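Think of it as A, B and C in the order they're written, each chain with its own count starting at 1.
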């Protein structure tokens, strides 16, 4: 017990140094081992194979094909869907998180956190079915809206269109936003708003000068996370479209599932690697922002 | 403080509730249809439960999800506690690592798994909980990280340790109860993800509850819808009930 | 003197034993995984015996409501006491090929049922074939164009594409060109992605011949045009059972042999579906193809399954097999059972051996309640070369339709 505390401060030599070195990594070993084997290893293989031609020689041909049509449109669409689905979920989610965290009782907050956990993971066929049942061309809600004079389907709207997909994606993006943004709200100390009021600032002033600037980095960070989520969503888009809305995850699925011409055996893997790069562009800034704001959140 | 009515909150919850529950209710309505007799009934649910393989598959998915939750808690809680306490240099690395699974589309990950793993791994169903753990990692790690951030971790750890508790007791009897909310949220996320995971499971040639549902859907469409509804609503209800009935714990922040 | 006689007697005895040993059928020496036909498997009795011992058959992507597979599975399971498992029933042919390449031994299928678009991958140039050669009893009755000469793969059943529609549509559709009618806006679709699903691919081909492209089966531009017109009105919906039930999808092409499974399932869900052949041009598609996986874990069942699926017999189904029948020896039991080819025939699929079976008067009537109208011309079957060319067209333009 106490000897551990003493150990921490003493200078280290030889075996003790090695022991301390191991100690600084050992507790993380289980996590690193699991993530290393079950995740990094498959991804590494994926990256390796993406550089192989059909004859197993090194090539960047797969990546060159990946930048051409229809894959280029796929990337553009996927990025768009990531951005838009994040955009429409971000502000409502942030506002909802604010009210829930500041006004809700502890029980309510925890219940909602749990519900959000389940909702953020809905997707694929069950989610598609729920929306077809509600907003499909013969959906319950569609019928009600029609009764009130608004025919959803008079134009070219469909759940399998870009806009339709955005609406369905909202179902899991919104809970995700609430989950990811709530900690920022929680760390906005009540003391600060009280202090501001005591110093004579109005509510609005508080928000403009203090609240929003403090929340902004976390907001952007959450937005980036939502982007990554919408960008790589697969099962839901698969259930709603028949390949006529080019999206990279679907194209990867198609290549790995049936769309194989002799020239493209490893094209799907190359597309996957490019997706990783694009997502990384969103996730790295997220991490940077989070590390910064974690300092004042503690 | 108990029954204070906040209009803003009420409106928020109303709007959210509408958005969340209308699709669910619409789908639910299909699952209680009984075309043979006209009108509504529980036939489809009864059929589902009586299907000889229903119990087998739901238990299978439940225990796989359970194992995933256990792996998540056993691995993440001690590791995160240590990361927070020791201010180790690897923390940034692990933070980043934990987000990586979010960045990969599941289908690409599944193909990587197909070509990478040796046969002895692919032969055992136990590969699934570890893979689900990886998929849930971004969310689970975040939830626990946030929970640990919000408590005076160093203080209570030192208090527990100086009172004679070893690390195991400290974690299980002191830390986990204090971050109860986060732990519950983590369990909910991980459980929901594992129960509903489809793409990875199918591409690795396993059959669990979600894959069985699509198989069974061919002959009894409404029955399959009932099953889907159950697999969505039941974890929802259970987890919500459990959360509602856990006694409150006050966390006093002394900063 | 006596010793000489003893030696002579002993040698005679040894010789006799030796002759008897050699003459006995070597059932213990049969390597069932290398058997290329039922004779090499030691005869039908032996094959059934080995299959019963194995007790398992691993199939892949064969749903129960597809071409009467449900009934075929039931009959096989009941007769031979074998448990059939199906990996990913909704999967694609490419999934089957990938599984054979990458899955661990415990997850390998015994027999595959693939579409013509992926059959070239079964024997990659310069590599080992993914399948084991096998020739069923009536091998000669499979047309040459539909099989690999060494038995690596063989056509099984083919189908025609029919229009499936929800009877709540404002008018009855009669041909492919009707798909673009304004009154069908928003509910027209396709069963999947034609760049990866065989049925969806053939739907585009069927649309093509119904839109003026019946002369050249390698060119599906007319079919793409038709779907493009439909898509301009509203995005295409996925035609699957749940979407049909919710009314999201009401019109599309489907294999005629799926009608027997889809219509009753729909009815049970409160949905009135009808199948009808287009009144102008009906597409006869190239057949689906069977093969035995080289990595098959249950070799005897893999082969017995092929024999069963290619059996031309008329006979009993799972419902009518009696306990007494089950006690018969393998070959006798086999003889009283209805063969796979007739099961396919009943579902409306065209069994590959139908020409020979018609001559031998073994073909049972189809149970489909709709027929090719007199006004329609049956086009096809498309050759594999046609189909591969058409597919390149679709891959190039489907996403940007």
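Here, a residue touches a chain if its C-beta (ideal position, glycine included) is under 8 Å from a C-beta of that chain, and two chains touch if they have at least 3 such contacts.
Since we're looking at a predicted model, the values are computed, not measured.
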Every chain in contact with both subunit A and subunit B is listed here as C
When A-C and B-C are ranked by contacting C-beta pairs, first place goes to A-C
Whole-Å distance, C-alpha centre of subunit A to that of subunit B, is 16
Dist(centroid_CA(subunit B), centroid_CA(subunit C)) in Å evaluates to 40
Listed in rising order, subunit C residues that touch 2 or more other chains are 91, 98, 242, 246
Where subunit A touches two or more other chains simultaneously, the residues are 125, 129, 133, 139, 256
Where subunit B touches two or more other chains at once, the residues are 30, 115, 214, 225
Note: in the complex, subunit A contacts subunit B through residues 1, 24-25, 27-28, 30-32, 34-35, 38-46, 49, 95-96, 99-100, 103-107, 109-111, 113-127, 129-131, 133-135, 139-141, 170-171, 174, 179-180, 183, 186-187, 225, 228-229, 232-235, 248-249, 252-253, 256, 268-269, 271-272, 275-276, 279-280, 283-284, 286-287, 290-291, 294, 297-298
Interface with subunit C, subunit B side, in the complex: residues 30, 33, 35-36, 114-115, 119-120, 122-123, 202, 205, 207, 211, 214-215, 217-222, 224-225
Within the complex, subunit C is touched by subunit A residues 69-70, 73-74, 125, 129, 132-133, 136-139, 153, 156-161, 164, 239-246, 250-251, 254, 256-261
Note: in the complex, subunit C contacts subunit A through residues 91-95, 98, 117-118, 121, 185-187, 189-190, 192-197, 200, 231-238, 242-243, 246-248, 392, 395, 398-401
In the complex, subunit B touches subunit A at residues 1-2, 6, 8-9, 12-13, 16, 19-20, 22-27, 29-30, 71, 75-76, 78-79, 82-83, 86, 88-90, 92, 94-109, 111-113, 115-117, 127, 130-131, 133-134, 137, 139, 142-143, 146, 149-150, 161-162, 164, 181, 184-186, 188-189, 192-193, 196, 198-199, 214, 225, 228, 231-232, 235-236, 239-240, 242-244, 246, 248, 255
